[in-house]
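One chain, chain A, appears in both complexes that follow, with chain B as partner in the first and chain C in the second.
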Partner chain A sequence: MISSSPTPSSTDPTAVDAVVAPPADAAPAAADPRRELWRRLRANRPAFAATVLIGVLVVLGIAGAPLAAKITGHPPNQQYTRALDAQGVPIGPGQRTYKADSTTPDPHGDLFLLGADRLGRDQFVRVLYGLRVSLAVSVGATLLALIVGVALGIVAGFFGGAPDAVISRLIETAIAFPSLLLGIGLAVALGAGVLNVIIVMAVFGWYYPARIIRTATITVRGLPYMEAATAVGATVPRLLRHHVLPQLTAPILIYGTSMIASNILFEAGLSYLGLGIPPPTATWGQMLSDAVASNFYRLDPWLALVPGVALVFVVLAFNVLGDGLRDALDPHGEHL
Partner chain B sequence: MRRFVIRRLAAGVVQVLLVTFIAWLLFFVVARLTGASPADRVAGKNPSPGTVERVAHELGTDKPYYEQYAKYLWNFVHGNFGHSYIQGRSVSSIVFSAAATTLSLVCVALVIWLVLSIPIGLLIAMRAQSKTDVLIRVIVILGMSTPVFVLAPLMSYYFAFQPAEGKFLGISLPGPVNIFPLDGYVNLRDNPLEWLHHLLLPGFVMAAAYAALYVRYVRALTLEQLGQDYVRTAVAKGAGTGHVLRRHVGRNIAPIVVTLVGLDFGAALGGVLFVETVFALPGLGYVALRSILDLDYAVASGVITFTAVAAVAVNALIDVAQGAIDPRTRA
Partner chain C sequence: MRRGGIRGAAAAWRRPTGSIGLALIVALAALVVAGCGGKSSPSTAKADAKSGSAAKPGGTITIGFYHDGYWDSIDPAMAYGLSTWEVTRQLCVPLVNYPNYGGAKGNDLVPAVAASMPEISSDGLTYTFTIRPNLKFSNGAPLTAKDVKYTFYRLFKLNPDAADIFSAVKGTDKVVAGKAKSVSGITVAGDQLTFHLSQPNGGFLQALSLQFTCPVPDGTPVKQTETGKIPGNGPYMTQSYQPGRQLVMVRNPNFDTALGPKGNADKIVFDLALDQSQALQKIKLGEIDLTFDGLPAADAQAALTDPTLKGRVFSSTSPTMTYVWLNNDVPPFDNAKVRQAINYAVDRTQIAKVVGGASAARATDQILPPALAGDSPKVYPLTPDLAKAKQLMQESGVPTPVKQTLDAPSINGEPQIAQVIQANLQKIGIDLKLNVGSATVLSAASAKRTSKRPAGFSSWTQDYPDAGDWLPLLDPRFVENGGQKARFHEASLTPTFEAIEKESGEKRQTDYQHLATKIMTEYAPWIPLFDTVVTTATSKRVGGYEWQAQVGLPVLTSLYVK
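Up next is the complex of A and B:
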């Protein structure tokens, strides 16, 4: 249906005339919704590229990090004094370690693809291990927040009345909070650690999905087929499982994807402030703050560029995929 | 209208109560479970017997929790946020001077982000699907994906540090040039020019992500309007592009942009932390972070309560204003 767009690019979220009917109405046409989703996603070139890229990143995070450590022979937390000169300045990208005098580069020394950090650790290996942490934590926190948010949103939207009033006020209040500051407070109270970071991020992530799902549920509840299902005696759990939840796949997927992007930034932010995953585990936020807080990045901007560019790149991939999913699944949805 | 205003303000009061309660819970109750209670911290290392109890009595932390919360609220209403034993100043003096800095930063950023995003958004909406449009949208999504703590050090390096060293983007300059100060803050009252000079770079860093987001908003809203019948009618009657944009489209999208700005203004107040940290601006975020890391609970809860209340107040005001302009929004 998207290909009916008169414009060459079908990726425009706001091409008002591009799509005639929202996908909910067109659903019966698609035999298998999952294949239909895949087809639409493939038609959107940037989103398809982002999907492939994310696939590659996941493989890189899972297998690439240990592989890189093995090939270079540099474990992520191993400190190489030969990678620092006599003044303690680390070697840059593509350079080899120094000889024993710490001043002359050794032509047979170890190659550091992306240079070393100020403790003489391999930035290339650490950036890959950082990817691993980043993906694991942000996906974990997103799933946790979505479970809570979707459950609350469905309850509020489906049952209305008192549950809706309570949940809606809760959502509004949560949105009014300065989440970053409170997140930091909570992170301090809970202490550093992978699980705690995931909990902090979920605590500050559930309310937007809850609000979106609440609105979507209210829309679904008002559809005629719900009345029909109720009339033929469908129980509430059956209504929720077979009639409401399938209609919420699109908003959950769309919101979940962009939430992973913002959670990657949140995790990096917490680690940047020293409140995330404790060192020596490599995280991008901590690699950045290590370069910036020490002002070492002024001697060697690569120290900040390597984790910074990695971060932007991965967030970009998820943002592009999120946009693409929205175009493919919800062409008429609100784009604000 | 009056009923709507009363209802909205009442909801705001409930939100403030909840916010203060959670902030209080976090910093006064949870903090006590972490080992060092506020009284322990004030009493210092190796206190003499009875000191901790005396301090607890003075702080009021030996009273039941509900009484402590009531007292906290009572003081808060009277603008008294307590006393920071770590900084040796009253929390309100710390919070108010920090708030002035943050407000300056956010206002400069706000001007930059609107000046950048509104014309660009309008322009690419008029030329949707052109090469310019595609290019700007790529830049926009890149901007949205770049966190301030990546952008801030890089901007500071290339536009403040390197020029001061006599280089600019790798090109050697004849001598050191100070384009922007590395960090620090000058009060508006002391020197308005230096105030702006110190805030331009941090303001831009902060504005970048918002500008990207607003280019999208303005583009989407404008495109939506351009597809409407009234625009076709206006064009058919011979109205020029500028006239249609100013008179018709602008008037329809302005209220929505104002609402969004109001929401983001509140969010920006709480999100200035990284910019303030990199550029050493003594604002709310910087003060909050320091106080949390120093376990200075009085300041931490004071800043967070203040920020949250400001955000709630701004949101309530916007809703009321919106309700006055457009009766449909009086939900």
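Up next is the complex of A and C:
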């Protein structure tokens, strides 16, 4: 908002602040935007539930996995040979390991809450460790993609001209390529590993946020207050930091949330194909792949259900949160 | 199969009677495995007796092949896989053959195109065959000694790897090099065909049973032909072939039953687009009558306990062994004590379970398959002996923990097996990093002579039942060409290899067995893991399932429509 105060000297760097700061005797300031966001989110029950679920998942991923390993006494990669019968079929949820004959259940054997996988490892503990990997990799890849995408989008949208032309062509070219196939190719070339997976996912994730941010920046760039700020001598860094970026928070948050969801699936897909995090690290994609190999899930559906259901819940939670954030950050949304 | 390198010459070898006993052990082992599965009878006669049906001619039988299974060529000169050998066994019959019978009846090498077993000179350098009279190709043309001679010329021109197997035949190298228009070491005099060898070759007769040597008419173009229309002398001939979809065979009207059984079905359809996950369901629905490849492990187990499939599920040990090679040039695997320690630490029983249990794998510590291992002593336990393994690690002088990498192709459950090995070796101070990747890429990387890939998976399927088909995989003379991935170059064993090659009969087999035991005991260049068990099922409408143990294939000519 442009103040009605006299126009200050254009050489005075503090003049901009004086222009935009409301006078001391003006009406009380609007509610804290963060508190307003939280209020709106809470009012949206599915989004709130998703937020709580994600919070719980983060806690589970950070602390729950090692706690589960400690309580059950089953490290995530420990193979229990007696958790498989003589034909290699793992025990199911709530079952105990076999005696030495691999046929007779042992009433005093180790209890497996969600059963064992094909190598006799505890599925309950591994699904929690897999959650860690999924969250860490997807959040890491999303952050990296956003840093690159937002930076390029801002440059293209703010400066226009040649930078915009170059970056826009880069975006269009990147979008034209089949990301999944190329992602698989790049994963093969780089090899397995957490960092490599993050790089692959970021390389094929930066261009959509770049396009969105570019459009948003162009919109903000055209607002009257930007023109005013420029007129009173605001530098480019100041404009970007104080006037452009705050306006981009909403799209960054919204898109970032749904990007985490799609990256969780991307990572699971790469792991399923054997191109993600190398074994024996627990990942949901690898757990699914093991279940499907040789059709073992037909003998023991829990092999696929445990990681599959976990994946569904987490992806759903992030998607619902993304939708909720979109509604909550909508400036035209009703005051609830 | 999956061989590399130049094979040395070997002495003349007549199939020893002792090996009949070995083959019977295989057949008995198959019976035991099926019995352990609990619910199926491998004896077709028994099943048929129960159902009251008997073999009768006529009808069409459909065999399913997995669309992502191995399939290279149906040109007899090029086919080098069990699947395509199953096809060519119906289309053609070589000079000598393990005939299309299951059980003991199929265990012996018998004359086929040859009227009788050859006359072999006392120095083992000439093999003289008399070609069976009145034989014809499927197009009605007579099959003569000249055709057989030409077959070898075409084979050597088209397939240098196959030529390698017959490198002892004089003139082979000139044909391969393009410097000769025929094989000088094969001569024809009327109906007599003589092979002249440059040095004795104990496995030569067995090698002549390979499908590579199926006769083709003289003058058949020297180019790979995938139409299936090269005239053959087998019980069937190709009616139509759509690669990747279907191959249809009908009876060969000119088949001579002196070459083997003529088959019961009038038509055999090969469904080449079968999805593994649907195989069992299709058998139950009668859409296919048999899968060539084994059922996926879980489906095999389900089939063995399915009452609706009683009497129609069969488990047989295939002469295929899966192992991990340890690069003897790369530390710590360059230390024999470390390799021995590893063999004591690996849980082969657990690995066999992970692969799918008794319906998919039979744990082993032997280089040779059961039929050829004979009375070879156990070298390493099938379950870990950690105390012994740790003791050997200490004796090796290698400080622990020591890190290394294991390549694991992302197929056939090998990543899971690799994780078992990784967990096993961690207990003796070897931290393995798993490099999971494309089988093609990993195989190519480890095949180079200069490769420093430390360890990886491989498997070998017997080409013919001779220990001399297995031991060259560890022959120090073949290290240079990159085919010997373990880089086992114990030069002191070279004279032993050279001597045994020239031997024949039971002594040859026994000496190879001793050599295999010595190599594993003292040097342990590999970690033998398991022999493959093939479990398959037939549909309700067919009977007569038999397993040809020597070639590791179901017998299609014995199948009949009830």
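Keep in mind that, in the parts below, the second predicted complex is superposed on the first by the 299 of 336 C-alpha atoms of A that agree within 3 Å, B and C clash if a C-alpha of one lies under 4 Å from a C-alpha of the other, contacts with A are read in each partner's own complex, and residues count from 1 in each chain.
Here is the rule we go by: contacts are C-beta pairs under 8 Å (C-beta built on N, C-alpha and C of every residue); 3 or more make two chains touch, one makes a residue touch a chain.
From a predicted model like this one, the values you see are computed outputs, not experimental measurements.
In the superposed model, A:265 makes contact with chain B only, not with chain C. Judged by the touch definition given at the top, the superposed model places A:169 against chain B, while chain C stays out of reach.
The larger set of touched chain A residues comes from B, when the choice is between chain B and chain C. When both complexes are overlaid on chain A, the residue A:188 reaches chain B and chain C alike.
In the superposition on chain A, A:103 makes contact with neither chain B nor chain C.
Judged by the touch definition given at the top, the superposed model places A:230 against neither chain B nor chain C.
Of the two partner chains placed around the shared chain by superposition, chain B is the only one that A:316 touches, whereas chain C remains out of contact. Contacts of A:298 after superposition on the shared chain: both chain B and chain C are touched.
Shared-chain residue A:280: touches chain C; no touch with chain B. When the two complexes are overlaid on their common chain A, residue A:249 makes contact with neither chain B nor chain C.
Put simply, chain A uses residues 188, 273-274, 297-298 to touch chain B in one complex and chain C in the other.
Residues of chain A that touch chain C in their complex: 77-79, 81, 84-89, 102, 118-119, 188, 191-192, 273-274, 278-280, 290, 293-299. The touching residues of chain B, when paired with chain A in their complex, are 11, 14-15, 18-19, 22-23, 26-27, 30-31, 34, 128-129, 134, 141-142, 144-147, 149-150, 153-154, 157, 161, 216-217, 219-221, 223-224, 227, 260, 266, 269-271, 273-274, 278, 285, 288-289, 292-293, 295, 300, 303-304, 307-308, 311-312, 315. Of all the residues in chain C, the ones that touch chain A in their complex are 276-277, 296-299, 301-302, 347, 350, 352-360, 410, 413, 415-416, 418-420, 422-423, 433-438, 441. Partner chain B is touched in their complex by these residues of chain A: 7-9, 12-17, 169, 172-173, 176-182, 184-186, 188-189, 261, 265, 268-269, 272-274, 285, 288-289, 291-292, 297-298, 301, 304-305, 308, 311-312, 315-316, 319-320, 323, 335-336.
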